[in-house]
């Protein structure tokens, strides 16, 4: 792996804005991005990435390869939380294990977006259907997490729990999932033609909006990390080892079904990333016993920066080794 | 009328984002655009459309034709609420009739903006003074509504009412009217030259911002529609027939004074649309007895989607028939 | 001085939006830009101006001239509040004098940004290091203000005061200072290459975002000015004479060290402008006895409009006289 | 500590300035306002409109001497009758400072 | 003026709709909600998450007849037990209008 | 139900963290904060500044045992004296859960 690639990745402005945010928190600056500005930026990012993905899917068409990729994506979204749960159970209670497993089974849209920028800088192409894969991978892990929790926690007072209807709605219709999915469909339906007029909004200012959002993510991530300090080394190392493991699993599958280098990188980062926007809300409602000071900081404070700084060049290095 | 035109209009991304928002509400997704993001987007749209209109007015100049168009625009803004009131009185009380009449006498800026995009896609040109017409048509209906209400409600306790000074301020100086009017003047004063530097902001990202705003409008419209369900068939059919009637009146006048096809379409949509941003606040204050669960959902939940999906191609079809 | 330049400066759209905002307040329109939209716009402006400055500094390099400019900038930031304090003491108490002195020793980023637009319209170039000068000039005045206050107010109850650690943090790490400084460094580190992708966000929509922000500033400035009415003529004339004096001092120094015309104008406007975003928060905390209805309206309601309308062409006229 | 009365008024956001003016006309020198609260009452749901600024409430808190309660209640009563809302009065102790 | 009970409930924002439904099921016809308040309690800090919508509270105020208090408290108690929060009951006078 | 004291503190937003630290130093384990409320008092209008973050208040609610009131009031009094604000104490009942 070229250390150069790591440095180059680190020194791009969007990533640096993430660290500027983290630094603000560390040196105790009062820099703050008040709500709902972060919400505005994140809705924008979801809308833009979904739409762009849909437009690209329109041009490429839905081939057998595309369907195969989507299939393995959904497969991983079901499998990752299961094995993660049993690993986690060695150190955590049932509720926390299920919550963390759901977190890592799902995906982080901003990690994915950062990965597409990373590929863009290196002129490596990728398929628009990976956005569809991302959208499909958000929800299943929530269902699996709740199932695992309920299965192992049978004696708990079932009546007070949420009905399955509510859990499914939380999983498949929460705002982020719905918006990215819907924007993808709109992009797919309207195609290049419809996209033309939206391009300045969805594409040109995109990197800047991403940089702005990462500034806020840096602040929040550093804040969350403080909470985690008490959690000890196990949590931190777990938040690095599990994504590494998941990335490798993703790379393996990608190799097996013959994805391109770009697609393989995106797929591996989907497997490796954990959700800190959509899943926490769903888990708060469905597994209220789980402690949010575990599952949020792990995904946001450790896994996210690890993936975007070291993970991306590392996974790409492995992929290029295997593919060549 | 080409059914094709309806479909093509329906399948453009901005309109689709409106339906995505409505769908979110219908399937009970928790997708939400929290305040003040919608406010930000709507201030942006008013500022951009006003400025662009002013710049165009600067290039075209203020001819006799322009003044004639503005004259009939103001005329319609006074006449529409009067006849609407007497139709409405057959089913509604005085307060509600006056409120709904004011709503339909005024205009919807987003409907107008969507109409300009519609013309843009069909390469039909239109005059910048139509934006001025829109700005002029916002206020008179509020005055007429309050006048009708007070005239027919003489026995009511006059002292507790608002003074005319307050009513005039509400009508002519409410935020939306003031911003669009002011931006128009700024655009007119600065002309092409001044516009150059603002173009990326006011023109290029415009469609994207509109799409984002329509996403929110879809959510809100669907929410409002739920309230209306109880109101029955009369309200719903009224919210379609009245705009149709007003559009035809507008088309007639446009034909009489010899507007171009593009101008006629915009003028008819101004007559046909009802206000759901500026008027509700004014009416809440001046006719507090009127029930907001009538006038808001009618204009927003029924008339708005009707106009942008079926109304636009329908009115254009009629105009092209008459003009050819 | 060409009156033409004043008019031309006045008639550019961004400045006009400031007056539109002020007019809204004066005619009692209910136009309002609710929080955190202004915050969003101001964070955007700081981020964009800092980043652009850093990129330009990257291309120009850090020469001896640049370091000299930065040196005199810091020097002025220490000197201005000192002499301002002693002038102010003739009419104001210790706390208010120290607060106003700190206000005028610091800078206004929006005034600076407006000055760069002004230069842009006249095709006069300037160095990116002036942005660095601006960032460096924000904090020292806060420290000097607090020092002056404590020195002259020895008998006050010292224990209840803030520790120096807190004051330094407020001065050097408050959100605005940190963001502009950080964005500058990021721009400097990434250079032209990194900038390319951010350009549509940081440069192209910049003027429009500035216009939007100035609309809000106009509203707030007019509101603040109302408070000041009671303060009488001294305050108003002071809020014009002090910046004038500071601008002249700046021009003198700029001439001495041989700045270019563009750099000299920016440097003089840095000296002339007063802070109404970063300093008020710092002063509220460190000199709570000072009355915010003096220092905020002076800088925002009088000095800011004076500088951007009359100050800019006036200072440029003087500079061009001296330099030729 | 001083025995005082706490008056809480929940009313349509559009009416707040009018009500505050009435309070000041009746000797109120201090108040606190929480903007943009939502609610439900006899006049239906006020959950915010999302587009226009209608259909939301604000909550005013004003602390006054027991003797002022009567004048204040009488001042706000007609406003609440016309536009809806709630006025609650309770006892509290005010920490001198 | 009428003697009433003021019930204030502070609970996780995600639970608010559930709690409001329970209140309505127990005869509550009017309430006011202040969204997005933050706090600290036995379950740690709820200071907003900044990214997801979790970890913040809402404050519900509902005014009712003294006779309704028992039913209401019993209705919200299990919810508060499970997800945390506070329920306070105090006396107030309601200004008729 | 338990008899408790409800302490409401309205103070400049910039001072809130300092006040919360003092509360915690005096045995307070739970509180709720409503940010960005506006108001008027002896020190003039605090209606938000629109540009900087100054001139607005926050409202802290903390429920405590009657015995804690004295310590808490004494802790916040100097702060309120210096920067302005209000501290109200009233009776309430706490629903156990």
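Note that the chains are named A, B, C, D, E and F in the order they appear, and that numbering of residues resets to 1 at the start of each chain.
FYI, a contact is a pair of C-beta atoms (placed from the backbone, for glycine too) under 8 Å apart; a residue touches a chain by one contact, two chains touch by 3 or more.
What you see is a predicted model, and the numbers here were worked out from it, not measured in a lab.
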(request) Would you mind naming the chains that touch subunit C and likewise touch subunit E? (result) A, F
(request) Determine the set of chains touching subunit A that also touch subunit F. (result) C, E
(request) Compute the centre of every chain as the mean of its C-alpha atoms, then state which one is farthest from the centre of subunit A. (result) D
(message) Let me check something: if the centre of a chain is the mean of its CA atoms, which chain is farthest from subunit F?
(response) B
(message) Under the over-half criterion for shared residue numbers, do copies subunit D and subunit E use the same patch or different patches to meet?
(response) different
(message) Centroid from C-alpha atoms only, then distance subunit B to subunit D, rounded to Å. What do you get?
(response) 35
(request) Indicate the whole-number Å distance between the mean C-alpha point of subunit B and the mean C-alpha point of subunit C. (result) 41
(request) For subunit E, write out the residues touching at least two other chains, lowest number first. (result) 34, 36, 90-91
(message) At least two partner chains per residue is the criterion; list those residues in subunit B.
(response) 33, 35-36, 40, 200, 204-205, 281
(request) Would you mind giving me the full set of chain pairs in touch? (result) A-B, A-C, A-E, B-C, B-D, C-F, D-E, D-F, E-F
(request) Enumerate the contact residues on subunit D facing subunit E in the complex. (result) 8, 10, 34, 36-42, 57, 59, 73, 76-77, 80-81, 85-91
(request) Spell out the part of subunit B that touches subunit A in their complex, as residue ranges. (result) 11-13, 16-17, 20, 23-24, 27-37, 40, 117, 200, 204-205, 207-209, 211-212, 215
(request) Could you please specify the touching residues of subunit B with respect to subunit C in the complex? (result) 35-36, 39-40, 43-44, 47, 51, 169, 173-175, 178-179, 182-183, 186-187, 189-190, 194-195, 197-198, 200-202, 204-205, 281
(message) For a test of understanding, state which residues of subunit F touch subunit E in their complex under the given definition.
(response) 1, 4, 6, 29-35, 61, 63, 90-95, 97
(message) Show me the residue ranges of subunit F that touch subunit C in the complex, using the header's touch definition.
(response) 12, 14, 36, 44, 48-55, 78, 82-83
